[in-house]
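Per-chain residue numbering starts at 1, and chain names A, B, C, D and E are given in the order in which the chains are listed.
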Amino acid sequence: MTTELKIPEYKLAEEESGKWGMVVDTDLCTGCQACVAACAMENNIPYVGEEDAAYGRSMHWIRTERFWEGEYPEVRMTDYQPMLCQQCGHAPCEPVCPAFATVHSQSEKLNLQVYNRCVGTRYCANNCPYQVRSFNWRDYQDPRLRPEITILANQFNPDVTVRRRGVMEKCTFCIQRIHKAQDLAKSEGREVEDGEFTTACAQACPANAITFGRIDHPETLVSQLAHSSRGVHHLEELGTLPRVTYLKGG
Amino acid sequence: MVRRLFEWVMSPMGWIAVVIVALSVFSLAAFGIYRSQQALKPQPIQFPHNLHVGLGVQCLYCHPGAARGPSSGLPTINKCWGCHQQIAKTQTSDKLKPLRDAMASGANFVWVPVAKVPDFVHFNHRPHIAAGLNCENCHGDMSQVEIAENPQVMNMGWCLSCHKERAGGDEEKFIKLTDCGTCHY
Amino acid sequence: MTAEEKSILAVFADIDPAADAIEQLRLLGVHDDCMNVISGIPVTEAMLGRPSQWTNVPRLALGGAIAGFLVGVFLSFITPDMYTILVGGQPFTPVPPAVIVVFEMTMLGMLLSTFLGVFLDSYFPSYRPMKYIPEISDGKIAILIECPPPDEQKVTDLLKKLGAESVQLTEAQHL
Amino acid sequence: MSKQISRRDFLKLATAGAATTAVLTGCGPASRYVEREPYQRMPEYTYNGLSTYYATACRECAAGCGLVVRTMQGRAIKVEGNANNPVNLGKTCARGQATLQGLYNPDRVENPTRQNRGAALSGDALEWDAAIQIISDALKNTDPAGIAFLMGMAPDHLFDLVSDLAKAIGAPAPLRFGALGMFEARATLGRAAETMLGRSAMPFFDLANADMVLSFGANFLETWLSPVAFTRDFSKMRRGNPKRRGYFIQFEARMSQTASKADEWIPIRPGTEGLVALAIGRLVAELKGGSVPASFSSVDPLEVASTAGIKLETLEHVAQLVVGSQAPLAIPGGAALGQSNGLATAESVLALNALFGNFGIPGGVFLSPLSPNQDAYHRPASAREMTDFIAKMEDGTIKVLFVHGVNPVFELPASLGFAEALATVPQVISFATFPDETALASDYIFPDHHGLESWGYQRVVTGSSQPVLSGAQPVVSPYFNTRATADALIAAAQLAGGKFAEAMPFADEVAFLQGKLAALVGEPDGSFFAPEINTFTAYFQQHGGWWMTAPALSSPSASNALARTVSPGVAEFAGNGEFFFLPFVSPTLADAGANKPWLQELPDPTTTVMWNTWIEMNPQTAQVMGIDNDDVVEIVSEAGRVEAPVYLYPAIRPDVIAMPFGQGHTAYGRFAAGRGTNPADVLGVRFNEAGDLAFAGMKVEVRKTGKKPQVLSRLESRIGVYGEGMGEEH
Amino acid sequence: MADNQNRNGVAHDNGSHEEHFREKHLMLDPMPRGKMNEMVMDAMHTTSWKFWLVFGMLAALVAYALFYKWGVMILEGLGVAGVNRPAYWGIFLVNTVFWIGISHAGTFISAILRVFKAEYRRPFTRAAELMTTFGLIQAGFSIFMHMGRVWLSYWLMPIPNQRELWPNFHSPLSWDLLAITTYLLGSTMYLFLPLIPDLAMARDRSDGWRKTFYKVLALGFRGTEGEWVHLRNAMNIFAFAIIPVMFSVHTIVSWDFAMATRPGWSSTVFGPYFVIGALHSGMGAVVMVLAVVRGTMKNMKYFIRPEHFEAIGKLMLIISMSWGYFFFNDYLVQWYGGDKWTKQLLHWHEAGPMGWMWFAMLLFNVVIPWGVLWNRKWRSMPWLLFTVGLLINVGMWFERYIIIPISLTINRMPFTWRLYEPGIEVWLGIGTLAFFILLYMAASKLIPLIPVWEVQEGQMAHSLKKFGRETVVTVSELE
């Protein structure tokens, strides 16, 4: 008599791949901040001013980190490492939100921040191992507090909600662009093609260090790069399943 | 009996009850006043939707954006004029004076939208039309109203109930249609 | 019980005479149901030789706990399925957090129903006139004889003999 | 003709109101009363709720990158790179991205203004008719020799127009100047190209195909010449060829952003770059065997190494790497040329390339192609030419000065005395978009449109192997009561009549542009073909310019370069302080970014400082001097003094003090004014042989002030990056 | 035992020995109930001008520091506070944990000591239980303050809604909310139940507005057999049920931290460590309150005696030792693991700019209590215990400050490490403290601080009995 041994299907493969992914080649990143500026312009990110910036309140959704090794004259700067929301498959920020304000999109496999649901407990930011969430410490975009916003607001992207004080925010992988591309593709009755659109940071990057696309399709550029031998996931040991792959080393 | 009631009212529990009742009445009243203040500002032109719909003008003629993009759009004054310039009454009617004036001065109308969602909701008309919805499913039958009104409270529960229903049993569709990131980003 | 009815209220300084008085009264034909003991400290029925008092509080507590448990189960296992939202790769209805929610709701249900049980069982709050004298809260023990006894005077004498500090006919009054 | 004008009228109808109020309420309670204002007439190609994209050119620097601007309901929403433009191929830098914060800057000059050289923007608004009358009078009533035009660095259509006007009326040719050109020492590079490559043109360094890059101070990843193009080429150099990863060595006294990407950063003493290049050349030649050309044989590597403060082994190691590589390339630039021996240094480095034998081969040195319809390379004015110009202002030769697109009061070293000279000019008319220092010191400000509101083209000097003319068109209607300077000049010239009207026979700016573009109509090898001018202009706008499809690099001859003897020696340093002073252009702000809040908020790539100026100092030096982070120190040179807080920078030579240029405005809007300090205040008046400012040729003193105002705002953590407070500092 | 000899010697003089017992033990020093009632009522009614001065000052402080400053923060945003990246939580959470800790003392004394029949608890169960309720109110203030959009805090409650979106019960904060709600309601009810007979007593002895006040609150309690039975049953249930609730509350508070994937936080020992920490600060606070009540209120020297301080002191010593044990346990495990970030964190605790706080914490929480409380005579001195209690509370506040903002500095992204510098939350913290004291002062004038009936019950149950030559205290179980 044969009994079928049932192995539980953990669907790990699907979980590990996600849907959208990004590859950052740190060997190419020149730290030029074009991605930071592009991100700020695309996503209506407020500037916080000198004092708040000095106190760790700047709201960059993407930042380039760099460290030093050695001492002069043998000093070396590590490669610039753009740090942005890793859109973790198992995001530590999500379960800790009591209001379901940061949740996992089941359709886009992204880590969503639902601004209008956020009550500002900031637990998600505490629990983010990558420290990539930024909080609206003040009403930075309120023209009553900052008269210049009345004019600067002309540039606001209508596809992205303008956040007010007390709300957490973070990189969305330019979900508004994802939606736009999907909507266009759907209206034309086709799938979104690789390279048809990209995130604001990848679009701006003069060094082509950032690649974005479907990481679950093996033929896309991004998934080919992500599987290169230079690929590293940041803090992978935490089991967060980050969707951003860093290409390290020469 | 009346006396007993009076006594009870004068007792501590009675006071508490009276205060609670008074508070509830007051809050209800405040809420009612608050809601009644939500009345819309008057539209620049008392545009009779029923008349235009009755004359056979299609919704998409004036609001063509609904079929191809996020916003259905409001007709330009030129578009109004396109038809109205051929109607003799346009030159005489008092009701249409704002249109004549706007056309002459080059000014714009400032309409008061009735069907609106908060700005953290990214609503896109196109997929809704593409999914086979008709305008009246959400906006009501415009042939029945003179000045446009919003027939429903456009809140998330209302959106969701339709989304869930439309998904049918299709799990993938259901996930997409109830995903937070579909509307909020 | 109406306000017009009068009852005998005998006040004792100590437990022993009160217990004796109760025994004697019972011999006189005063039914246990017609007597009530009012005291400033909790005096158990056994001390006074009184029948056990029925209380619903423990049952209500149990009922509340069950209700709370069900609320907890509802919150942790039903509500997440009303709007399924994936967080951190965890299941929609994980058990370990549910234990916490269920525990807290059970305890809350139990505590609330216990508290309400006291109210229900004791007919709290009640601001109607009641038969009472303030000395009771000075530690005295009072026996309230509610049914009109066959021989009022005899009872009074007996109680006085047994050491009652005062025996009086009381009317219900505002406390 | 009417076609363009009507387009503009359409854009004017665009209203921003409704959408803005809706957006502003943000995450708060949904706005109760929203108003929606439809167009009276719908602009062509506009759909409700859908974006319209316009191709144009970036005006943030002179590189001439192509942009595509996303607009919605008449508002510019987002800047994206024009993927077709050969200069940037769809990419942008941070400054390009932040262009919109210039367009919608709260501190623009909103009206033509009678400024009367006040300290703040006067607000005394004029009508444009009056403004044009004033320009017209100034042109007509002044001796042509006394009319001077000072323009920005970009070789654009306005420069062409002004050149034509000046030529026609007999005025001196307009002068182009920009701080970036000054810090790049463009004149030196041009002169070196003339002597070594045979033609005064911008050399083209084929970084993309090189596999061993030696950069002598060139900060090509930051602001140098065409940073977006160079960054792309750098990326290709590193990863373009899957078989090999390009190697990059930077010789620079301070680790700049560019140097931070180098595989090896070799901190040589400032002023020895030429010697080091020659020494490497000698070692390479010796390793390869064969004869060592004269220039190289005259240097002794050991001596050079000790002069430069490095080890001989380092030079030998570099030489080994060069010999082992297939396509070595040496790039001169930046502070290396801003020395007394800058020209010789540039020549040495070009000679080194000649020694490598890379002239005219992939991964080597070429001459940049001229832009379409360009006769010759016009370089911007050098600092010495500016000094001559200032002298003309002082001696009263210049009666009327027109300034456009440049802010010399801020950009030129204070010691050159531009501001004082400006005060002596009888009439100064500025066309500034922003109330910068020079504009405030003018009699009138007749504000030009912002770049995104303007027509035009921009010649691409370098950055692409193809000849490129980037085209600009307005993407939104003018937000304020501004007018295109070209239109203003045309109108004024016509009002003046006579030869002025004859010189400017155009209906408007667009007509002038069409006249200039006419030469390209029917050109077969371009990015598009159009048989007649109207079609051509339409395509020109649509494509964002016109460019040749094939590379048109010219290959210089190496024989000339090798035959020439170059002896750079060690640069001379002015002043007797103990530190070499190394000013550099802020990579995020550059010369004119300080008024854009998001550029201020961008962390400097190497130090991560935001919103301020800092002074870089080696921690070892600082320790000896008892200076700590954020201590405000004073830098004293022979020409002046400047204060700024210290940043203890681990990758700078202990004998060098560096300071970024870009902040320290006294005007220029709320985000720039009063913020930080300007290193130009300490620069002395010294030039190299090519006439460029020897901005890096100073020795300065550093004095403690005891002040410690506020903490320098950094993105990085001083605890995590430098171990501060962890008991293991530095 | 050598001691016994001595005692036997004294025991000969029977009269003075009993006198000695009476002086020492409240339970052996009975007074007529009426007299005790009078004393308690007197203590409530007697109010000096000093009381009103302090009361007025505190009220002003509450209005300014708590409500006005909070209003400013709501309008301006949390930027006016000192929170930043990475210290997203600051003094708000420190105070929350601190106040919840304080609140544990009440339950510990009135429930655990009740269950274990520790008789010395009787006079001060209410004083301690009041701290629970008022402490939890402050904890609630603190946690709501720290929310970015406090006006939407009702979203955390499980309220049925049209979108069928309920709170996220995966989140420790949701557990926290439920636990704190349960605990606040439970402890308030548990405060109220034994208060009913005393309210009835006060009702019988007052007039004017106070009469109405007590009448309403006493609910018509007379003391009939049935009422007592229901009440006793309920109190027994509460005494047992609230203990696990109490443990769960602080454990869940600790899980707010322990659930996070952060170096230094992710620790399994946090639950009991926090509970013990809570008791530590709670007992310190109880002893402070008792010393103040005894020192400032009329007739309280009779009810609260050195024996009580002695007994609490002993408890404090045991708790301090337990705290030391858990602290070491946590430290050792973190230290031994050798994780590079945890290592940095421990280094930061000790050698960082706030290192003084780490050492002060150990001094106040361990060194001083151990040094003082071992001595029976010392721990019977109210002022000394007040001081020790104060130091323990400061030390425990430091402990939470180290765990929250200081530990938050260190994470896995060294590029973001930044020290937290408090801002407006200092005012808000002072506001909650003032509000706590204000509530307590008001309560001391409105409700009988001493549960007279419990004291009487205890006095009835205690007696002296001679075993041979030794006179000992015996307690009868009345229930």
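Heads up, the rule we're going with is that contacts are C-beta pairs under 8 Å (C-beta built on N, C-alpha and C of every residue); 3 or more make two chains touch, one makes a residue touch a chain.
Just so you know, these numbers come straight off a predicted model, no measurement behind them.
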{"item": "Pair exhibiting more inter-chain C-beta contacts, B-E or D-E", "value": "D-E"}
{"item": "Centroid-based (C-alpha) most distant chain relative to chain D", "value": "C"}
{"item": "Geometric centre: closest chain by C-alpha means", "value": "A"}
{"item": "Rounded Å distance between chain A and chain B, as computed from the means of their C-alpha atoms", "value": "36"}
{"item": "Centre-of-Cα separation between chain C and chain A, whole angstrom", "value": "62"}
{"item": "Inter-centroid spacing, chain C versus chain B (mean Cα positions, whole Å)", "value": "57"}
{"item": "Between chain D and chain B, distance of the C-alpha-averaged centres to the nearest whole Å", "value": "52"}
{"item": "Chain B residues counted as touching two or more neighbouring chains", "value": "12-13, 68, 118-120, 160, 180"}
{"item": "Of all residues in chain A, the ones touching two or more other chains", "value": "56, 63, 65, 67, 92, 95-97, 100, 103, 106, 115-118, 161-162, 167"}
{"item": "For chain C, residues that touch 2 or more chains besides their own", "value": "83-85, 87-88, 90, 125, 127"}
{"item": "Touching pairs among all chains present in the structure", "value": "A-B, A-C, A-D, A-E, B-C, B-D, B-E, C-E, D-E"}
{"item": "Chain E residues within the chain D interface of the complex", "value": "344, 347-348, 351-353, 409, 413-419"}
{"item": "Complex contact set, residues of chain E against chain C", "value": "32-34, 37, 158, 163-166, 168-170, 174-175, 178-179, 181-182, 185-186, 189-190, 192-193, 197, 200-201, 203-205, 215-216, 218-234, 237-238, 241-242, 244-245, 248, 252, 453, 456-457, 460, 478-479"}
{"item": "Residues of chain D that touch chain E when the two form their complex", "value": "715-717, 719-721, 725-727"}
{"item": "Chain A to chain C touching residues, read off their complex", "value": "15, 89-97, 100, 102-104, 106, 241"}
{"item": "Complex interface listing, chain D residues touching chain A", "value": "16, 19-20, 22-28, 72, 75-81, 88, 90-98, 100-101, 103-107, 221-222, 227-228, 231-232, 234-235, 238-239, 245, 255, 257-258, 260-261, 263, 265, 267, 479, 587-588, 597-603, 605-606, 608, 610-612, 618-620, 650-654, 670, 675, 710-717, 721-722, 730"}
